[in-house]
Amino acid sequence: MSSLTFILFRLAPGDPTINFLSPSFNEETRAALMKSFGLDKPLWEQYFIYMGNLLQGNLGQSFLQGKPVAVLLADALPNTVLLTLVSLTAAYAFGIVAGAFLAFHRGGLVEAVSIPAALATRAAPEFWLGMLLLAALAFQTGWFPTGGALSPGREMNSFADRFMSGDFWWHLALPALTLMLYLQGLPLLLMRATMLEVLNDEFIVMAKMKGLSRWSVVMRHAARNALLPVVTAFALGLGASIGGNVVVETVFAWPGIGRVLVTAVQSADYPLAQGAFILIAASLVTMNTLADLAYAALDPRVSVGAKR
Amino acid sequence: MSLLSVRDLVVTYATRAGPVRAVDGVNLDVPAGSITGLVGESGCGKSTLGRALMGVLPDAGRIAGGQIMFEGTDIAALSASARRAIAWRRLSFIPQTAMNALDPVQRLRAQMLEVLIERGGLGKAAALARASELFHLVGLDPVRLSDYPHQFSGGMRQRASIALALALEPALVVADEPVTALDVIVQRQVLDVMRNLQARLGLAMILVTHDIAVVAYACDRVAVMYAGRIVESGPVADVLENPLHPYTMGLTHAFPDLYGDDMTLVPIDGTPPSLLHPPTGCRFAARCPFVQPRCAEEPPVTNGDHHAACWRIDEAAELRALAAIPATWVPK
Amino acid sequence: MTALIEAIGLEKTFRTRGRDVAAVADVSLSVARGEALGIVGESGCGKTTTARMLLRLEDPSAGKIIFDGTDITTLRGADLLKFRAQAQLVFQNPFDALNPRFSIRRALAEPLNNFGVPIREHADRIDAVLHRVRLTPPAAWLDRRPHELSGGQLQRVVLARALIPGPTLIVADEPVSMLDVSVRAGILNLLREARDALGLAAVYISHDLALIRYVCERTMVMYLGQVVEEGPTKELIAHPAHPYTRALVAAVPVPHVAQDRAQLPIRGSLSDAAAIGGCAFRGRCPHAMNICTELAPTLRAITPTRRVACHLEGTIS
Amino acid sequence: MPPWTRECRSVRSVSACLRFLRAEPFAAVGGAIYATIVLVAIFADRLAPYPPKAILRVGARVARYLPMSSDHWLGTTSSGRDVLSQLIWGTRAALAVGLTAAVAVVAIGTVLGLLSGYLGGWVDRVITWFADIVLGLPFLPSMLVLASLTRPGTTVVIISVAGLLWPNTARVIRSQVLSLRERAWVEAARVTGCSTGRIMFVHVLPQVLPLAALYGSVAIGWAILAEASASFLGFGDPDMMSWGVMLQEAYANQALSRGAWNWFAPPGAALMAMVLAGFLISRGSEKLLFPKLADQ
């Protein structure tokens, strides 16, 4: 967690010059704005004010929307988390099963087709995958909406209403599918590789010598060992996705954190950009830490001391 | 009638350069209730032979010929499911490094119960009791059943492997270099556990090793392997004290003894032949100080309990005397 | 006899899992010019760490090393380089001891370069050393790479590399344990010949007393980082004074059918014998007495040439 | 080691290389893709039928949204530019960004990994600590922030890629060096009087270079993807004709709703092919260099 603190300290204050980049501000508005946001004070003072506010959970006010950054982020966060969870879970469920399958069916046509295919989905730019799906399944056929999280005119009051509505999930489908397509390659290849490695381990050969059923060999011995790195990758992927969804959220106009960051940076809404960045970085660091913990918890060689 | 009788067994490995004949026409008989040592240097095919007996050759390897008669059936020809029926119940295995041979993420208890319940058909309570009994038998505290393999020392892991191998009271145990990775004191203790249990349970054992001293200590019979073949075999006392094959003669002078006179050790010059293109005739010929022109032809295997594959077997007594002189082994 | 290398009170502690663990606790030894000392013990007894400290590959936590009258414990730079040329190491695993990318010529030229031997002398010295290790004719070996050689041939190259700087001390750590039985004798014989011909001092490290007996006049037995017994090898094997030595001697496998198969005079295993205070061996000792718990025995002379660290001091046997 | 393994080792030579390509069709395909891209990039000005930014006309009207035809193999854009010509010119941008960034990533990562792994101690602690911090930075968002702090463009993309991706290479090189450091022949170099610098750069470095190259071939892909993403989000270099910029224009000008597949499909496919080529090459060479990792 020490690196989290560092990142927050080092980067959270950002740089007020973001502001100067926007030519849309004239001199006076800028001066007024700077004053109202305390940007006329020396850097170190801003820094301490910002850090003080941050510690109280106060991320400041958005320049453009005039709302507290925390509120805007709180609106966007559930959308991003849901998108990430749905796509990542689907991707890993598929990747693990398909990867294990491929480990058992080596050589031949299945492998010759599926490995390059898995590599190709990882090589394709996410936003392009999204564009293809959007063009084919939304614009051309009209099966799915072309963007956003809710149909125009639909307002939902509470979170619960919103996430329970079919409309929301209908909107979620395409971005989630895009991400899933992009993300499934890693667990698939990883699962296949570790499975192949484990299947060559001496204890698997021993399990075969013992005449154990194929089920016991695969599920009790091979899969448990092969899953260790995949589980870690899942936690890492969760952290990376929350920030990495930026382009997909942009393609589908999905109101998530990534999109908030992009629009805020584009419009020089610097407190909002800063808040979104901190949130993304914090979730990344948290998930990295969780990944370490998960690995330690699952592997007795780490969690149980070497000697009594 | 032997418990195990291997006939003309050939095992090949597919490599890019062509098939390597790792085991090339091996004949071996293992009587019930005895320990047979299988001794040889690295790459001679002894471990491959052990794996072939267990039916777990790597993907590139296959049995290219011959039979493995075990309790009256040719287990090399069995289907996978028929093979599985006898696996571990009649024929089990002790690995070289128990570190890799035990599942690292499962407690020893789970690994013992798995065998006892799934293969032995025991109930959970009976299996637990049996697991404790087995641990006790090999000199481990049953409390340690709840440990993971990495919490054990090398010697303890090897004891646990022995407990696993004996769990279903098989007729034959193949032990592949079971004490190689251990320190001398632990090595001796583990060998004692193996010897005592073997005698008590009356089972047969094949002890694969590179160490003649281990054979001398623990085995009743020995087969000496060289370049994919068995060159000499018989009762340990006969083979070690009165070797018939020049390779065995060389080995007995090749390493130091704890007692006895100061003598100069005698190395065997050269390296074993490639198994990709093995030479015709005797495979030891290129390193043998007693080589003759006819060694280019396949040497005959003598009959009898103690036998060897050498053309000059009738002169064995004279050759033994010569082999004891270091100058004999200096390459010309 | 003056000592070529002498170690006084060597200690080495490693930090693992936040605790200091003593790998070597108070080891003193000396090796005279032309003499060979064997260090035996089980893995984890500190024999390898001791050897590495003697070669300045590991810095001792405490203690002093005197080489040829000079304190080398903290040498650096050019002085250390001068010492390195004098003290060489023969490695255990020949398959790993040579840079896989270097030809034999380059592997042997490397030390000459590093020690500043003029290039015009290189060819002759490489030629001579290959003759010494019986890789003849040298020209046939120079351009080969390690993966083209067998274990025995590799170990000859490793020995040649150790001999080429012209050292006065050779340390060999399990020099034949990775080799096939049929070629071990060749390497051991080469080591003996080279020592005799060049008058080298040697330290051999092994778990195998029989091997030590073949190459060393004097032997030191280590247990858990301490020297428990020391003396002329043959005497030590014939009449071991320390209970641990007795167990070690009894455990060495011998290639004869007729041999003692009685249970070893030792209990438990290394891992469950962690004794704090008193004699480190008492947890496994069949003769442990009350005093062994209270007082750690020190190394004391029992004859002019033998020392032992045991309260029983030779009253057993 | 069984004796036959010595005979089956691969030999380093051109013929071995050719044999390798035949034995590893994946790598051969990857190599072919790269060769094509390099050739197209070199001869872009001759291959492209039109200048990439030229606004073409049909009679007096701007040639907007032309479908694929013999005049315009991939049709035209909303502003009447030839898609094929843009695609061909895009190879230059892709190669320039990819190669520069990859070389930077590999150079920084390898040197820091080597220092950190071999020297250990405080050097290791500082480098590892620094790498951990950088790894804690979300890649794309950090690049956006960097781009917004300075001027959008290729330089920022390259600096971001180099600055944010080196820890992956450094980590792998470090762990490789850590295991190499335990090898007896590295210790042998010490015993035979090698200086620390010489051990690191003469003995150890050549051993880790293949692994570094492996990471380089993947880093080319990441750099190109990063450039495309940045361009797509509007942080690219607007003056440079890159595939990312093409996609951004297509997206922003309703190419999707008009179903102008001829416009937005090819640049993405080109990106995918190039990144995929890196993956394929690294996969193939991994088998050759690290047979243990391969699927035997």
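So that you can tell them apart, the chains are marked A, B, C and D in the order they are listed, and the count of residues begins at 1 in each.
The criterion applied here is as follows: a residue touches a chain if its C-beta (ideal position, glycine included) is under 8 Å from a C-beta of that chain, and two chains touch if they have at least 3 such contacts.
Since the structure is predicted, the reported quantities are computational estimates derived from the model, not experimental observations.
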item: Most remote chain, CA-based centroid, reference being chain C; value: A
item: Comparison of C-D and B-C by number of C-beta pairs in contact, larger one; value: B-C
item: Centroid distance [mean C-alpha coordinates] between chain D and chain B, Å; value: 51
item: Chain centre separation (chain B, chain C; CA means) in Å; value: 31
item: Length of the line joining the C-alpha centres of chain A and chain D, rounded to whole Å; value: 22
item: Interface hub residues of chain B, defined as touching at least two other chains; value: 42, 271
item: Chain A: positions in contact with at least two other chains; value: 305, 307
item: Of all residues in chain D, the ones touching two or more other chains; value: 1, 3, 296
item: For the chain C and chain D complex, residues of the former touching the latter; value: 55, 57, 81, 84-85, 88-89, 91-93, 95-101, 110-111, 114-115, 147-148, 150-151, 158, 161-162, 165
item: List of chain C residues in touch with chain B within their complex; value: 42-43, 150-152, 180-189, 207-211, 213-214, 237, 247-257, 259, 261, 263-264, 266, 269-271
item: Chain C-facing residues of chain D, complex; value: 1, 3, 6, 9, 183-185, 187-195, 198, 203, 206-207
item: Chain B contact footprint on chain A (complex, rising order); value: 201-203, 205-213, 216, 220-221, 224-225, 228, 298-301, 304-308
item: In the complex with chain C, residue positions of chain B that touch it; value: 41-42, 153, 155-156, 183-189, 192, 210-214, 216-217, 236-237, 240-241, 250-259, 264-269, 271
